[in-house]
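One structure follows; several queries about it will come next.
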Amino acid sequence: MEPEAPLKDTEEAGITHNCGVFGCISSGEWPTHIDVAQIICLGLVALQHRGQESAGIVTSKGEDTKRFSMHKGMGLVSHVFDDHAMMKLKGNLGIGHTRYSTTAESEALNCQPFVVHTQHGALAVAHNGELVNAESLRKKVLDRGVGLSTMSDSELITQALCLNPPEGEHEGPNWPARIKHVMKLSPLSYSLVLMYRDKIYGVRDPYGNRPLCLGKLVPVKKRNHIIQPKLEDDIEGWVISSESSGFLAIGARYLREVEPGEIVELTKHGVKSIGIVERPEDKLPAFCIFEYVYFARPDSIFEGQVVYSVRMQCGRELAKEAPCDADIVSSVPESGTAAAHGYSRQSGIPFAEVLCKNRYVGRTFIQPSTRLRQLGVAKKFGALLDNVYGKKIVLIDDSIVRGNTIGPIIKLLRDAGAKEVHIRVASPPIKYPCYMGINIPTREELIANRLDPPELAEAVGADSLVYLSIGGLISAVTYSIREKDPKKIGHCVACLSGQYPEKLEW
Amino acid sequence: MEPEAPLKDTEEAGITHNCGVFGCISSGEWPTHIDVAQIICLGLVALQHRGQESAGIVTSKGEDTKRFSMHKGMGLVSHVFDDHAMMKLKGNLGIGHTRYSTTAESEALNCQPFVVHTQHGALAVAHNGELVNAESLRKKVLDRGVGLSTMSDSELITQALCLNPPEGEHEGPNWPARIKHVMKLSPLSYSLVLMYRDKIYGVRDPYGNRPLCLGKLVPVKKRNHIIQPKLEDDIEGWVISSESSGFLAIGARYLREVEPGEIVELTKHGVKSIGIVERPEDKLPAFCIFEYVYFARPDSIFEGQVVYSVRMQCGRELAKEAPCDADIVSSVPESGTAAAHGYSRQSGIPFAEVLCKNRYVGRTFIQPSTRLRQLGVAKKFGALLDNVYGKKIVLIDDSIVRGNTIGPIIKLLRDAGAKEVHIRVASPPIKYPCYMGINIPTREELIANRLDPPELAEAVGADSLVYLSIGGLISAVTYSIREKDPKKIGHCVACLSGQYPEKLEW
Amino acid sequence: MEPEAPLKDTEEAGITHNCGVFGCISSGEWPTHIDVAQIICLGLVALQHRGQESAGIVTSKGEDTKRFSMHKGMGLVSHVFDDHAMMKLKGNLGIGHTRYSTTAESEALNCQPFVVHTQHGALAVAHNGELVNAESLRKKVLDRGVGLSTMSDSELITQALCLNPPEGEHEGPNWPARIKHVMKLSPLSYSLVLMYRDKIYGVRDPYGNRPLCLGKLVPVKKRNHIIQPKLEDDIEGWVISSESSGFLAIGARYLREVEPGEIVELTKHGVKSIGIVERPEDKLPAFCIFEYVYFARPDSIFEGQVVYSVRMQCGRELAKEAPCDADIVSSVPESGTAAAHGYSRQSGIPFAEVLCKNRYVGRTFIQPSTRLRQLGVAKKFGALLDNVYGKKIVLIDDSIVRGNTIGPIIKLLRDAGAKEVHIRVASPPIKYPCYMGINIPTREELIANRLDPPELAEAVGADSLVYLSIGGLISAVTYSIREKDPKKIGHCVACLSGQYPEKLEW
Amino acid sequence: MEPEAPLKDTEEAGITHNCGVFGCISSGEWPTHIDVAQIICLGLVALQHRGQESAGIVTSKGEDTKRFSMHKGMGLVSHVFDDHAMMKLKGNLGIGHTRYSTTAESEALNCQPFVVHTQHGALAVAHNGELVNAESLRKKVLDRGVGLSTMSDSELITQALCLNPPEGEHEGPNWPARIKHVMKLSPLSYSLVLMYRDKIYGVRDPYGNRPLCLGKLVPVKKRNHIIQPKLEDDIEGWVISSESSGFLAIGARYLREVEPGEIVELTKHGVKSIGIVERPEDKLPAFCIFEYVYFARPDSIFEGQVVYSVRMQCGRELAKEAPCDADIVSSVPESGTAAAHGYSRQSGIPFAEVLCKNRYVGRTFIQPSTRLRQLGVAKKFGALLDNVYGKKIVLIDDSIVRGNTIGPIIKLLRDAGAKEVHIRVASPPIKYPCYMGINIPTREELIANRLDPPELAEAVGADSLVYLSIGGLISAVTYSIREKDPKKIGHCVACLSGQYPEKLEW
């Protein structure tokens, strides 16, 4: 029971993500040898860090049927999918979604996946991302005489997919053609998973802004050994997921990422690429750099790199850019630990834990006494005296957003006898909003827009405070892929630089 | 939202604690300058790891009154004490309790603190511990014509305190005399906090089996600076707590432990020792060694030692006793990390993280598919590939109780390419039940009673598995106090050795 | 606290209704002199018997805006609309809906009113009824490239209203033209309330199958006196409702029914009829006769008749058709009481209560002991001995659907010493399904399809059992309107006769 | 779903009761032929009107055991006893309790039955009533060195029963002697049901202030026929209950009342009277007259009279005392209906329903608009126009406590066109508090202390208003028992007259 754990460790709900998507298809017919719904459920649990507000799964027996099995609800995956719900979810293929919402209203209406009944039968859609320039697509759909129940991009994409194509363009359902049509109208940002009859489609936007990857389900022996199949025929199914973090838990092996602009089709026979929608000639990919810095689970793989190792690399770059004369390197648990280890390795200063975390921190009193207000929010942490008293500490945090939690931590360390406390931040200052699926506080709330590093050091009581540079961060996130085709490498740093992948409509 | 976080990380509810107690008294009269109820609430939050089932606070204005303010409820402290509840809790002194229960029935009835109305007015009682030989005390109370509502030791102690003393023994309430009387009847195990009128009494059993310590509330300035008072008069109040872990969060300074057998009295004027009930001549103290190993928060202080540092020391001892040829030392997060750092320092093998934890693990399916059953419970963890693949790993865990979670973790590491996985356990095998307030699985469930270390290594798929010896553990928990009076040092290792502090009645 | 009151008194969820709709518009601009949301909320409370599953209200300030205020939720009106919700609902016009659902799935998705964003702005829709022949309309909508989220007729109607009209037909929003277009495509059954900008539209299907009526809000003085306005200008607003039952509670005066096929427009200036869509020449109206028998609140008015008085009239007809030699007339409380009074007046046999109802009946045990199973479900009722013992009783019930509750009641009366128990049912046997918004058990569950009256009497242990004839029922429901234009009077008795107003598609 | 049904119909929580008690014992050994827990559960459902706050059942296998099966909880019986709870409740005897509480605090602590572990084993206690002069008994218990957890009389009685008897008085448990001892110390008011080993004791206070009666469980055949046993041996068990209202529902036959001051013992062999504790010579019984007027279920039997018939008799007396020139007699449903029928029979004026009740009334808005405040609380009722318009109505209510609901009802009838509305109240004005288990509003809240009948008529807008006299009420409640021994008849009318059965201590 830890009902009020913060979404983020160092700062109260600093930045939040929007969604995770997952799909699974068995290599067999219904009734199948694997429990697709359970695999999707575990897959969503492994994507839970991408959204904790609602969860949903839709499964199908893959027949020409109007009926899917569906269960959706508000709350964590483990809460939404009780045994009763699981038993209803029959099928040999299915998709799932986990979601963090920006809008408090009409919550239940926005739970995904969406299922729509179309003239060609039922279609299920799960979406991660946010359309940068949604207005023109929205107008196009409304003008065709369609009513939209919500302001959500996900419903908009769904209805856009249903629209009849222009005269003579293509016949029948032809979802790939419809998908390409919508991708051209709206190039950014989405990773989509769709289910229609016996197929799952995976779609990543032309800029590759949100992650999406593929895996194969391999046989499992008694006593937990996973057997690498000898032939393709031994594979038990395929999965598609926002991140690879859940693959080991379900006995899946990582295959590859879906490429920017690519549409893939999963059937019981395997995974097939069915086309790529290109970006404008002069544009590089724009994979969200904060997936590396902050959002993704450390064991996920992007562009062939383990996220944890990239974070260590950020620490190494930071040690190069901003060395520090200190006795120990430490971190704010648990967000900065990988970077702190990197900093320690690079600098040679030993790593030691200085803070322990109270897993049961609770709400803040509405009317705190003066005393408690002055004590601040340090109740989440305790200081490990022997590692703190009389020490010069360099403390690594992964990012600073609002800047309202680092101060109390520094005070706590000083109260515990720290001689010096130097802050090193393993990412650059965040200054600009994101329009591609991430909730960032307002400009005024972003501390980097109000205080420069020396001012911030002063404000939070640090002896010094240095951010990693944008160049250093880019260097870290490409540390093992620099030899790749440079036209295939590119990251969105809009929240740091203000340079967006596409010109904004407004 | 993390509603189903495990009580323990490596093993499903392996060992659980019973309770935490906390008391606070202001140095002023009501209405006082500090918010006693808020301080107690934060104090309980910092003791939440000692019990998550229910919580309660009783406050008083210290007058000669029949009325306390009380609020108790099932659940976490942050859940039980909403703003509405807090506003009712008026007073300049109060006590609190947080509890883990062994019995599912009559739960609400057992929430503490208990308040009893006696011929001398109202008395509030909070208890941590379990009476080893309760039967004779119970019979004594029943024979006096008192009905007991529950089988709980806490109610029993409370009614024993109320009993009229033998003819001519003492007059009036005289709680210290009553407390001593009960302590002699039943020497083990309890830490008690009582409130009567304008006083709080703290009591630790003669063996000092459960912890109890004292602190003083010091002034807090704006901007979070804590000011050491110049004179005793500047002190704002006093606190008494099972552990010192919450002291920094409330602006308190650690004073000292309550001694085994000691009764202390807290008033607005300060803390006073009002007597010690001695153990039998030939007996050493019996402070529960698992408070160091496992229960306590790492930032707490027992016998002058920081728990985290003791745990590191356990790792050092382990490295001496059971060295290992490995590339890296790591731990099962987060339970073995301190010991792993100690092992790393002692052995010179570098520490690296190999597992990341999914904070959102959920329930287990009632009817898992064969596939998932064979995959086991590894869904809680992901492997950090770069630190695992091709590596020889020595993995430190703090304890092994049931032995049902280490196997899947080893498999996960092997699936991720580990070359060797050696297990080192930073405590000795647990083989015997505890009758002093700790819930330990049955003998049959304790894996150490069924498999010796090589068998267990085989069973869980480890390349080797070694426990720390009892001698090594004792050496670690006394690493900085060996020079103290040896008659004052002693630890209960009954669950490891089967040697109990007092002869058991049955 | 009566959390499990049965939906119907005599038979467990025998027949259930679908929905109630309500709308209100102030005669002034926003901010207006009346609280529209509170009036709608009370209006829905008075329609709660028509649906207890979910409730919703949408309000608007009537400007050219995309934003409505909306609140919807699962549960009773009083549960859904707490003070927090009410405070959000601003506006000088609004509509509401209360719903009973047939489908357990996707419940929250189906809460009404629906709000859709169209090319012409936002439209809100509340619907009572069920489209008899929905398939063709559904195909039409899907073929236009619209995806439908649910199988619900209400969503279907909403999207049908949004569809672009055929080339050159009408320009702009023109909702009346769109409504007429949909009414022609699908003539049965619906009562609709729509809101667009500063207007509310009320629509009743051409057969008038579901009720819909109009009222005006009159001034209220202190001390609760309602003042009839002298001039139209004194009127404070207008309401539209499924039934008139709530009018007194909100200070409204009954105006008239919306006619079959009629569209009315409510603005701040008043109510205007804006057209009637005719039925086929040879067709009579088909107002659901069970609204009189069973669904409606007894104080509602249909066709100028008070429902309670019609039910008394059913009792009178029953006394004529099926006289009985008895000492007293009584009823199963509370469903048959009006008819019992009618039977008593007609027959001259005195009325007396013989049963009292336990308002707190609870659930049935999943595993009842043999004894309890044999005792049956009589726990809902107690017998009033003095009125039962030694008496010949004629017991009136309003309807018999499944026939599973009357037996235990007869046994109860016999156990209490009744000499004879004769059952008279104030409606004919129900034998056929309804496709117009009413949930009727399956044919096999309907007892009238399995047993004729003498067999049923035998089965339930009655001395005799007689139903009212269809002719008798029609005579009762037209008792005061026979002089009206016969082309304007007609009732749907499909569930009794199997004759449906329109030929069914399948 | 009717979660907010008022506890009383005509006035918001005007007067509320405290408790109902129930016990059952099988004629066989465990495992027995009847399901004792299910019978107790149904028995409590039939006593639910006596208390809706909490419910509890304790069962036993009747052995010399320390263990009872117990389940208690907050809420309605049907809510507290789910299937899971029922399955735990094993045994061939048991007792139950349903409770309305006056104090919001420590609710769960006060749920009954209480189980206490005594030197002689476990004892279970269920109590209905309130000790008039509790202070002396309380002091006696506290002085013996017992701590009391609550201020509740029920805990006090329980501990008083446990107290060791004075030297040499009686040996061993001897509960009857202990019960008599406590009865002499505190003569008023309680009905108690106790369980110890294989016996249930029933106790009624010497004044018979609260009801208590006995029944026998008779065999039930298939198809629901109850068979009167030929021999005592055929009886399947015995029950004891606050009221007989549930007897038919469980297949029990009414035996007799427990007499004032009587102690009965129920074993598997039958019911035995084991003594009577007498009242003072000069005192009559003091059975609460409001059990007849208001609290009891109409089908219950007290002193050989059916409650419903007594209420009709109240109406007859009222018609004699306060005739009225009217067209129809009616009632506020459902509280005044029996009296209205009596008034109608006596006066010859026909009875007709004028109000229908909305079963789904909800909460009142915290901030009602002026309009709604002026409309008042009439939303609970609708007027049946044909019976009201142009009519002179005499409206019967069973009692008037606060007087805040009759006004809006009269206004509603006038708005619906009533010509005259005369109020007749079937009980005398309530003016004094009750200290014997009934919650009555404060003197200031009791309207009869502020307005005499003509003033009240004016205030509520009635054409006239007359209460029944105390003499008339006494005449009604003795209508069929006047020939009995006059020393055995007596009723407490303290709330009407201010004359209490015993002198009050304060």
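Each chain gets a letter, A, B, C and D, in the order it is written, and its residues are counted from 1.
Operating definition for what follows: a contact is a pair of C-beta atoms (placed from the backbone, for glycine too) under 8 Å apart; a residue touches a chain by one contact, two chains touch by 3 or more.
Just so you know, these numbers come straight off a predicted model, no measurement behind them.
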item	value
Whole-Å separation of chain centres (CA-atom averages), chain B against chain C	61
Chain centre separation in whole Å, for chain C relative to chain A (CA means)	49
Per-residue multi-chain contacts in chain D, two or more chains	none
Overall pattern in which the protein chains touch one another (line/ring/star/complete/other)	ring
Which pairs of chains touch, using the document's own definition	A-B, A-C, B-D, C-D
Interfacial residue positions of chain D with respect to chain B in the complex	70, 72, 105-106, 108-109, 114-119, 123, 139, 142-151, 158-159, 161-164
Of chain B, residues touching chain A in the complex	1-5, 34-35, 38-39, 41-42, 45-46, 48-49, 52, 75-79, 81-83, 86-87, 220-226, 236, 245-246, 248-251, 297-299, 301, 306, 308-309, 337-338, 341, 351-353, 356, 358-363, 365-369, 371-372, 374-376, 378-379, 382-387, 407-408, 411-412, 415-416, 461
